[in-house]
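What follows is chain A paired twice: with chain B in the first complex and chain C in the second.
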Partner chain A sequence: MLLYIIIMISGLLFMPGLTAEKAKQSAWIAIALASLPGFLCLWIVWKLGKRFPKNTLPEYTEIILGKALGKVVGGAYILFFLMVNILSVCEFSKFLTVSFMPQTPPIAFNAILVLIGAYAASKGIEVIARAAQFIFPLFVISLLLPLISVLPAVKVGKLLPFLEGGILPVIWGSVPSIIVYGEIIVLAVLLPMVNKPEEVKHKGAFALLAAAIFLSAGMMFTLMIFGPNLSGELLFPFWFLSKYIEFSSYLQRVEGIIALLWMVGIIIKIAVLYYLVCFATAKTLDLKSYKPVVYPMALVYIPAATFLFRNMTEFRQFLELYWPYLGFIFELVLPSILLFVAVIRKKQRSVSR
Partner chain B sequence: MFKKLLKSALGFSVKKGSGKTTSQPVEKRPLSADYDNNLQTLRQVFDQCFDILFREFFINADMPLRAFIVYVTGLTNHEMVNDHLLKSIMQETANLPSFVHLSKANVQQVIQERLINLDETSTTTDLIELVQKVLEGNTVLILDGSSTAIIAGVRGIESRAIDEPDSEPGVRGPKDGFVEALNTNMSLIRRRIKTSRLKAETFETGLLTKTQLAVCYIKGIANDKVVQEVKQRIGRINVDSVLSGNQIEELIMDEAFSLFPLVQYTERPDKAAASLLEGRIVILVDNSPMPLIVPVTFISLLQAAEDYYNNAVFATSVRLLRFVALNIALLLPALTVAAFSFHQELLPTALISTVAGARQGLPLPIVLEILMIEFAFELLREAGVRLPKTIGQAISTVGGLVIGQAAVNAGLVSPISVIVVATTAIASFTIPNYAAGTALRILRFVLIILAGFLGGVGIISGLMVILFHLCSLRSFGIPYLSPIAPLSPGDLKDTMVRAPWWAMLRRPWMSVSNEPVRQDPDQGPQKPGKGGQTP
Partner chain C sequence: MKKKYRIFGLLILIILQSVISTGCWSSKEVESLAVVTLLGVDYTNENGSVQWTVSSTILNPLGQTKEGEQSSAKSDQETLLVGTGRTLQETITAFTAHSSRTPYYGHISAYIIGEKAAKENIGEFTEAATRYWEGRPRTLLIVTKGKALDVLQAGPAVDKLLSKELKELGMKKALATGYSYGVTLFDFVEWLKSPDRDPVATLVNVVPSEVPGLGQQNLMEGLAVFQGGRLIGWLNKDETIGYLLITQNINGDIPLTFIKDNKLFSYYISTTKRKILPVVTSDKISYRVQIKVMGGIIENSGLRLNAEDIKVLENIIEDRLQDLAMQTVDKAKEYNSDFLGFTEKLHRTDLSAWQTLGSDWRKVFRTAEVEIVVDAKIVQTGMMGE
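The block that comes next holds the complex of A and B.
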């Protein structure tokens, strides 16, 4: 049941990300490359999950690092998930504001997204999983549709010259995307709740792969249509791509529908992350149930999303300069340390599992 | 003491705040052996009930043994009482020569076992039970000197004849529908499923109405846990009166406040029988022609019995049509509002110019316009329910065409709104399940308002909330949106499409896995060459 959501989630975790991404030249390889650390992250999560089959992330940080330090790390993770969530909300509402409904104050969008996420989170992860399963086909269509319909306008020549500046710019360019893949870390918290844990490795890898393919393809298409320089300038390259869809003379400008389908995807993402935040909070604070935390969290979310970044430029600057490194720490570094420490203390820990 | 007896006999036994279930044994009051005592007690219990009659007589000319019967005149089959009960006791006793020598203690037994030639008889020594049986339509015979009463099942309750179901008509397929009498309804199901594995257990609910419920299921196909759960929930019902299936529904439902129906109703025995064979449970309610079917999933709201009597391909297309109609019924007005208010770029140019021209000079923004027409339509619909059939037709024509046209001509609304609302209404009538239709109506309004505020974003938010709500619903443990989410691919053959019978090899997921395979795999139509016959 939850397996599908993994695929789902990975796909949509990244898709909306693409809208706010800035392109770099020869960038499509960059995106594909960025997925590699994601696989590493998945592997680490999986190993940790095998070690502690019944425990979620906040729980085993306590076990591995001891109570005090573990709670600190757990708290840090809560903040991290919170940040990811807020970013997602921000991202989408800014997207809506800029391209769709400029006159609506962003707080409306933020409030709606957050409240729906809260409602979903209060119902539990199973409900979210089922909803994701339900929407999955629709979402895939919304991803494929722009790609397919844009095919006639594609000029492969714009991809050349290949690796113009050498490999280094490509690697630098892949950095911002890494954290997006790394969001698979959410698995760490969800792992005990999955029905068939042994399949997680495959499905998770498959999900990452699928996401990588989609994104690379998307990036490729963007480059092929707009050329490298223009792509770097565009705010929401994929969105612009959708504007190109034209079935016949009277079914044009359907990018609105695509945007709405994305909204569906991002609601799922927000719901999942919201659930994570509440769940992790409950575990770290040793509360019996996460339900009381859900709606008060909204009080934190909505103002944060609205006031944290004053405008789009600030937002993008944050995403470009600061966030990748922060994300890197939480998604790769910390889990590696956790695994490392767990292995070292192996004799004391895994026996009692 | 006597008062207490009267009270319990008359049904005043609601114990406030005790929290006990109705399965607790009621207080018993034994009959006395004294004839006059019994007679007087019963007369007082049934005081001021004109239709409950007493008939005192003597048994057998040679024995001065008194007896009396109590019965409800409207519920009794008088012929049977006269021919079989009274005649056999008063006259046929002559056939038993030893009769006159019986002592008072033995007489009752002899009468019941040898003389009364009725198929349903039982005995009781409890006054409360006796009163209950009389009220159910039985005739009770009490003899002098015996503290055991004989209950004769000579009920003759007037009942509607089996007729075509009103709410679920069909072109092909059987046309018998359920009636109000529980036994008749049960027989309609039994004649379709002739296996002793079809179990039917009765429950009595409602302290004053003592309505009988019958819980039917096929043992081995229905999920035992679900059956247990159903029985438990019914056992917990502790109310004054149960007059309709709807009350039962509300008392045993999973969630208190969902708009979507968690219990299905039907008026067709073939549908009930089919549900039983799928592993569901049917609850028949006495005096209600609509039994309940549990558990229910969202998909069953879109399925009609007709689908199974038609060609598979045709049935599939009709189902798809219904699915589209569902979307239209829910979304069309909201989409129109969103498109015209916020997302004009989505509409083709030709349409925009026509509609924009038509909307010149109209007083209201399209949101309010559509809301207004929807509201008017709901008024018409509600009024139409109460009108006699002849006037109803006229009103719908008048209301629909004339008033709509007049409104357009007067410049109040634009034709596009009228068209949208009318199409929505027609689409909503294709949904087979009435309760789902009502849910849709309310949600439609909500979505229109959301669309008015935020356009497409509003619609999506509303839809997501609805989706999350649906995903969280469970009907007796079965997730509401199976088999789509959680996905169970084998069951998809009966959701949007109607696979031919030879392809439906497994039972639906919800039933027990004891017998997953319904039929042999190779039943599809085959060319005749295999038999070895030469043309």
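The block that comes next holds the complex of A and C.
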């Protein structure tokens, strides 16, 4: 569930627009397609986790690659998680700025989101997981509500022609979304903390599948309402979808409630990633507890999320052009190298610190 | 000690929360809002000097109507504001300059575009409207012959609020009565952006009132036809019914009058279903439209209809409907604008044929043959027992 929320949230806001721009009416296929590397990532993480059931990612990088190189890779991962987190804070505060409160300075949103995340992170992973359990149904409702209530206005014909221009635009369109599914990499750190690690493989796969289905369905509905030409132009297609709901005067303007539920979802995501960053930092620096790191970390977050991107266009460009490749390295390439080296050097669970 | 800190932390969170929930910097009190209900846009370009005129109606809060004064005049609840400027942004700031309240655009029910603006610069406006964060996707897009300001000045015909009247007409009644079709902003923008279809917009005109002595009123009748982003013509009432027959599945009550044996009959269309089939042969493209109509006759000029009569009448009705639809198709070809969605259908069903068309798809549409097959049924004859 935790994983599901993590993936869904970032998939919801920007990805549909970026994908639709390239893949047009086949964008829903692109989004479904993008989940495949996610499964691969899950498999690698699972294999690694099986080799080192007691250790987390920053620990077994040191075991596999040796102390110095391991620290470097661990540090790189901290930066990566940090980046993911900053991006999601950024993403949501930009979303709020653009669609709700243009006058409010983004630093206010960032500070609020980060501080709540920090508070949750300082309470530990179990608290976050329990909160996620509570929020999950609400979150699903916030997704289902727009989908169901636009049903009467749906025109299936807008999905045609099927695969116009061949498969290539679809593949290119799927590139920005791959990173979203790849966020399953958080399991690499979380795995040893799970009660029943055996189930994680199935649960993770299930979360990926559910996210893929939901995101793809969301894209499909957006396309069927707004058509392929308009969807690519919109900044937040799914947001417009929830704005579109209007049953004369009975049910309309529900987007406020939906955005509120998304906000709850994003806070969970931020909290998890925040926890990961602090935890990994503490492990890499050989600290006894991660707690001293928590609040100082906010000092990194808030300015970074506020000043990293000057405007929306820059942010979108980054998501489209650079982020996929960066994510690709951290979510697929590095884990597979780790696994490869581990297999060759035959490092096994016997090593424990 | 530790517990104290925790309580302190919680307190801070709660205080923060109460600050957040007011909306901080973006907070707006209802009293200080000017709720814009309609936005009219006019545009003139004389020898290069551009002038935009934005006129809007603003909902008066109920408390502001003076006591004892019954709201007898129609425009009592809506105030009209007008502003001019050289760019849209400048104009929009200008029209609210007189008001102490901040405009709020989340409740606009329709954008009304003047003829000149529609002819020359509708793209600029629709783009701005789509981007603006308070705007809503289902706002109606209405074009008028003449100036948008006149429409707003003429005021509502029956309802108290013009905005409400236009909204209800556009969303429900226009389609059901066959007078027009409520085109929303996003419909319009989607057509505008699509490479294979031309947009239409709802048409509202200022007409003299039917009740003598009441001045002018608005009438939603017909459609405005665009070619790409340029207004090029209008559809009258008959052509609008043809448009609806071809492009929509109607569920309403559209009257259709025809003559048989020198007697006037009135048939009403209650439901229609349509299907466009592109037929591609080696050298040309033609379209086949199948329309299935169900309806009834209530007014039968005192005649008693038997089974054979009904069959004859059905044939006459089919001819008449086919005629209406053909009129619209001819008009579309005359305007060189494929607002009926034929090419779009071709694009969706026959990709290779669409690819050969290239940029002159409008020309191909103009030369394409269109065949219309109507299957009309009379399911109600409105006859009571002897």
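One rule holds in what follows: the second predicted complex is superposed on the first by the 317 of 353 C-alpha atoms of A that agree within 3 Å, B and C clash if a C-alpha of one lies under 4 Å from a C-alpha of the other, contacts with A are read in each partner's own complex, and residues count from 1 in each chain.
Here is the rule we use: contacts are C-beta pairs under 8 Å (C-beta built on N, C-alpha and C of every residue); 3 or more make two chains touch, one makes a residue touch a chain.
The model shown is predicted, which means the values in this text are computed figures rather than measured ones.
In the superposition on chain A, contact of A:Y119 is made with both chain B and chain C.
For chain A, the partner with contacts to more residues, out of chain B and chain C, is B.
In the superposition on chain A, A:R130 makes contact with chain B only, while chain C stays out of contact range. Touch criterion met: A:M263 reaches chain B, while chain C stays clear of it.
In the superposition on chain A, A:Q103 makes contact with chain C only, not with chain B.
Common to the chain B and chain C interfaces on chain A are residues 100-101, 104, 108, 112, 116, 119, 253. Across the interface of their complex, chain B is touched by residues 1, 4, 96, 100-101, 104, 108-109, 112, 116, 119-120, 123-124, 127-131, 133-135, 250-254, 256-257, 259-260, 263-264, 267, 271 of chain A. The residues of chain C lying in touch with chain A in their complex are 9, 13, 16, 20, 23-26, 106, 130, 133, 136-138, 171-172, 186, 189-190, 193-195, 347-349, 351, 354. Partner chain C is touched in their complex by these residues of chain A: 98-105, 108, 112, 115-116, 119, 157, 160-161, 164, 226-227, 229-230, 233, 240, 243-244, 246, 248, 253. Listed in rising order, the residues of chain B touching chain A in the complex are 342-343, 345-346, 348-350, 454-457, 459-461, 463-465, 467-469, 471-472, 479, 481, 484-487.
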